[in-house]
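Take a look at the structures below.
The two complexes that follow have chain A in common; it is paired with chain B in the first and with chain C in the second.
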Partner chain A sequence: MFGYILRRLAVAIPTLLLLIVVSFLLMHAAPGGPFTQERALPPQVLANLNAKYGLDDPLWLQIVHYVWGIVAHFDFGPSFVYPDRSVNQIIAAGFPVTLTYGALSFAAAVIFGVSLGVTAAIRQNSWIDYLAVGTSIGAQVLPNFVMAPILVLIFTLWLGWLPGGGWGGPIYWIMPVIALSTSFMASIARITRSSMLEVLGSNHIRTARAKGLPERKVILRHALKPAMLPVISYLGPAFVTMITGSVVVDMYFSTGGIGRSFVDSALNRDYAVMMGITILVGALTILFSLVVDVLYAWVDPKIRY
Partner chain B sequence: MTRLFLTTALTVGLALPAFAVQPAAGEKLAENQSYTFWLLDAIKTSDPHKNTDVEGSDIIRQLFEGLLNEDAKGAPIAGVATSFDVSDDKLTYTFHLRPEAKWSNGDPVTAGDFVYSWQRLANPDTASEYAWFMELMNVENATAVVKGEKKPEELGVKALDEHTLEVKLTTPTPYFPKMVTHASTFPVNQKVVEAEGDNWTQPGKLVGNGAYVLKSHDLGVQISMDKNPNYWDAANVVMEHIKGLTVNDNNVALTRFQAGELDRVQIPAGQYPRLEKEAPAEAISIPYSCTYAYLFNLRDNGPEALKDVRVRKALSYAMQRDVVVNQILQGGQKPAYNWTHWAIEGFKMPEIDYASFSQADRLEKAKALLAEAGYGPDKPLKVTLQYNTDENHKKIAVAAQQFFKQLGVQVELNNVEWKVHTDRLQSGDFQMARYAWCADYNEASTFLDYFRSTGMNYGKYSNAEFDKLMDESKASNDPNAQYTAAEKILAEDMPLIPIYQYAKVDMIRDDIKGLPTENVMNDWYAKDIYRIQK
Partner chain C sequence: MIDTQQMHSLAARMAEAEVRGRSPWADARRRFRRNKAAMISLVVLILVVAFALFGNHLAAWSNEEMDFSVMGQAAQLGAPSWANGHYFGTDDLGRDLFSRTVQGTQVSLMVGLIGAGIAVIVGTLYGATAGYVGGRTDAVMMRLVDILLAIPYMFVLILLLVIFGRSMSMLFLGIGLISWLEMSRIVRGQTLSLKNREFIEAARATGVPGWKIIIRHIVPNLLGVVAVYATLLVPLMILSESFISFLGLGVQEPLTSWGALISEGAGTMNYGTLWQLAFPLFFFCITLFAFFFVGDGLRDALDPKDR
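Showing the complex of A and B:
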């Protein structure tokens, strides 16, 4: 296992490098640049700006300088659009925000989703089951950009319980987490339910029941772990979707997270911030897929690496 | 030397503050003097010489103060300068600065600060995206300095002494005083800028001479400012705290306004009729100095069909501006048949021929013109219309597509993102493009100069008579004569399809007083507003 993890981490480095090069080239391929303004800049000013940000170097040299800056100094460079901030500062300000509501959303989706799915599976065809399935389908037709304004309407305008946006203490976390986690919770509930139903019909469960084990032990000790496999495979793509979902959350709840910075940097052609966040998200995705694969091996002893 | 005072109010009250905040009779001030306003996007910078957008200017106007400010109607009044003289040849302006003006760190504001700042704006090393404003003001040597051909010290601005600033222009510019209310002409503190470098605009480091100081700035979330005790007029500033909240979605912003979290917000498109009925004390629609149009590409390598003036006029006549204004926008905007915004100070709206035709009449004439130009069912006119991503631009473009269909014209719509749109406008890669022009200063030439052969003019329209009229207008005693003739030329040559003139459609909490509703530039100063007790 340890060797497996090391091998995966070793492959991560060329993967990231490839990601950097491809993103760099794609970025520069888009028409317009960071200094494309309503009024075309005088050539001298444009030349100065390009020199300041190294944009007049050939592309391959820019990539080399950029990668070297990260590897040697962990410096992602100055923002091209915000003159008084560096990319490190922008990410340092935004990432903790996204991480907080992202992790909470994940946890909420998994905990509530699995609980709902297991309950529905155990009480199959009861009112709980129908409620659970109904809720999960309903939640899936409410994407986060529909939920967000509705949540603000209900909790800020009608009830006055929560602030409509911004960031600070736990009270600001509630609506973003609800908006982001709901559709994932719904999917996880349905996956858990069907997977659980399948496991409950398998031989080792019949044996456990025949042995006279209490039902709770049968479910929690013997059925839950194997039922988790499809859920774990779902977590990988869910993670990526949550990153993109965070853009919507940032937009509607003004949290200042990096999701919005990511989209803004693309629209503003802020090459440095775009690259910085791409690398961050890429690295997180690689790390997360590794975690998921290790979890597989823990859950199912038949899987060997 | 002719001594020129700014406004009657100023002449009368030279010893008084320029614009004192006075609650009206019967109004009592509220305990809570804080004001929270809406921002659509993150503020890029608080550096007056590096800012490029309106929201940035709104922030900068609270943190810094220029030579002159604007009153409630948009006319220039005293700022750091209490008065100015103009030489007889109209080329030299001498500004007299008030000795009590101070920076937020206690340093006195001097003429030298303005010299440093204006040089900094024009200096190619600053790489300001507004350096062209110095050229627009016609300051001596501005063009050469911006190009890097002359040193910034050679710019036509000099400090005669601590409190006297002399500006030399290359050509008479009668509206020059209106231009120095623009945020890019505001001063910065040389010591602080040179000591801190790019980080000087961060809270705790930023030093300004405005009525407020920067308390905190969370990028993309909020920006907070507190009253500046060192501001020369601090005694008369009532509003204590101001805060800009960024909400990227207009509809959520409206919900938060209604929940009490914001004091001012823009009304999302289409909601004004409803809100005007539900909350008449809070919903406003006031003229705003921008014109919306479709620009034609008239370059040599541009589309052949659009080079024919009859085709352009046909398209412009077929445009149903009333539908756009009354059915799509519904915000109190006015249909436009000319380029300059109708509410620009001093501008007299000329009589434009096709403005007075009925729409049925215009359609008839359009069909006739198009047929004359040789287009018909067997030779249909095909043209592409490019616009940048936005709900309203899309709606108007789709409607326009239908209007032009009535002439048998096939329009292909092309929606691109703003940077791509701008890039294509600048390189001439378009046929018809959605465009808007906003006034840089409150005078008609900011619009009309656009279409000079040497103007920004992305369609590369050129008319020697037009250029001559604009040249003459600078020296004229009544430039409206030239402006009227110039607008009539535009209506004859039709290098664009003017569509509508903007209005600012906002909700403002009814206990906030002092926000300008008659200033077409909508330059507001938090030092002029106050909250009353309800």
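Showing the complex of A and C:
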């Protein structure tokens, strides 16, 4: 197992480096420098600025510095648009927010999705099964950017129960979490249901029932674990899509997470912030898929690693 | 989300069905026709396509005209009405929402189809090559796919759009760039199970070059999986484009897409112009629904397992 993790890390680290280098080169290829303004700076000032930020170094040296700054000091450099703020400060301001509702949404999606899927599978072709299948199909065409306005329409404009945006106590968490988690919950429910149905039809479940185990024990002890495998392998892509969805949540509910900073920096052409967030998200994604793979290997005894 | 587990099961089934005498396609056609949800969805899709193609002939206003009698008073005067020819109402600038929806439908469908098309071409060839050649080439090619899959593509796509300017071609390229990855994995898996079969061996024995075997003998046998996957991919591409347009980073005015229209509608619903959200959302939802149902129906028709 340890060797497996090491081998996975051996892939993860080059991936991350590749991401950093590619986004750096992309930024370098962009027309205009960070100090291109409407009123051109005097050449001497520009030269001084370039010297200060190391922009007159050869390209490879800049890349090395950038990578070294990230790896050694966790420093993404200064923002190009707000000279008084570093990328680190911008990320540090938004990240806790994103983490809060992201983790809540993830937990909600997994817990409700799995429960719904298992219930639907046990009571196949009952009303709860139809409800589960129906909602999971419905939720697939209601991505977060469709959910968000609908939720605001219902709960803020019509009912007036929840604040339409901002970030504060738990009451502000409800709509972002619902908007972000619904479609994942639906997908997880669907996957759980179909894999649970398959497991319930397998021989070891028949054996467990034949030896007289109570149904609850059959489900929880023998069926749930193998049925979780497809769900676990779905968690990786779900994480990526969810972190992408957080951009919409930040935009729509003004929650102030890193998604907002990302779109703002995209519109302001603040490349340093864009890169910083892209790399951070990439690192999280890679880390998460590693965790998922390890989890998978741990749950599935058949897997060889 | 496309369920990879089911795709693999489908791939396995397509590979094994060849062995039996009866054509799996004839079977599949019959099963598909019996699937009511899929057939209805197919009709819905045809209607949506017809709306995109011929909707402009029904529109009383073009998508660029501004109705000055409504401009600035969309909430009071811009509601959908037959009398003034704004069947779906107008936006705050007095632009006719019907013709804008037609245009948005055209753009969104095109993005979906082109994105899925790129995925089909690149993904199939890439996956089939990796699977057929095998060995170290395969390992390197699939490792590359692993690496690319680990990149948060939406962020990179936005980075691309910002750096190289927002244009339709960039959007197509960006969406197409990432869509083929999962496809190539599935295709490779099926190629692995195909490549040791007798007819491939026969082709090799008679001296057919490798690339020709891939194109003439492997790819046609992948058609089932590819068709199902492509059908399910179209809505995902539409979703991606809508997502980017929702953020205001996608297609630019005067062009529009479902995402852009939904974004605008969501932004103005506080002022009581609900139709601005409702109509684009309606078309968006029924189309995605229809694609998912057709894709699912196609899969169930080709891989009839009780789920």
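Methods note: the second predicted complex is superposed on the first by the 273 of 305 C-alpha atoms of A that agree within 3 Å, B and C clash if a C-alpha of one lies under 4 Å from a C-alpha of the other, contacts with A are read in each partner's own complex, and residues count from 1 in each chain.
One rule holds in what follows: a residue touches a chain if its C-beta (ideal position, glycine included) is under 8 Å from a C-beta of that chain, and two chains touch if they have at least 3 such contacts.
Computed from a prediction, not measured in an experiment: that's the story for all the values here.
After overlaying the two complexes on the shared chain, residue contacts for A:Leu142 are found with chain C alone; chain B is out of touch. When the shared chain is aligned, no partner comes close enough to touch A:Ile20: not chain B, not chain C. By the touch criterion stated above, A:Arg269 is placed in contact with chain B and with chain C alike. Of the two partner chains placed by superposition, only chain B is touched by A:Ser254; chain C is not. In the overlay built on the shared chain, the residue A:Pro163 is in contact with chain B alone; chain C does not reach it. Shared-chain residue A:Val45: touches chain B; no touch with chain C. Of the two partner chains placed by the overlay, neither chain B nor chain C lies in contact with A:Ile91. Using the contact criterion defined above for the overlaid structures, shared-chain residue A:Ala223 touches neither chain B nor chain C, since it reaches no partner.
In the superposed pair of complexes, A:Ile122 makes contact with neither chain B nor chain C. In the superposition on the C-alpha atoms of chain A, the part of chain A touched by chain B in one complex and by chain C in the other spans residues 30, 148-149, 152-153, 157, 251-252, 267, 269. Looking at the complex, you find that chain A touches chain B at residues 30-33, 35-45, 48-49, 52, 78, 81-85, 90, 93-94, 148-149, 152-153, 156-157, 160, 163-167, 250-252, 254-256, 260-261, 264, 267-269.
Residue ranges on chain C touching chain A, taken from their complex, read 1, 3-6, 143, 146-147, 150-156, 158-164, 235, 239, 242-243, 246-249, 259, 262-263, 265-266, 269-270, 274, 277, 281, 284-285, 288-289, 292, 307. Within the complex formed with chain C, the chain A residues making contact are 11-12, 14-15, 18-19, 22-23, 26-27, 29-30, 137, 140-143, 145-146, 148-149, 152-153, 157, 187, 190-191, 194-195, 197, 230, 233-234, 237-238, 240-241, 243-244, 247-248, 251-252, 262-263, 266-267, 269, 271, 274-275, 277-278, 281-282, 285-286, 289. Those residues of chain B whose C-beta lies close enough to touch chain A in the complex are 41-42, 44-47, 50, 52, 124-125, 127-129, 131-132, 146-148, 198-202, 218-222, 245-249, 251-252, 255-256, 258-259, 261, 417-420, 422-424, 426, 456.
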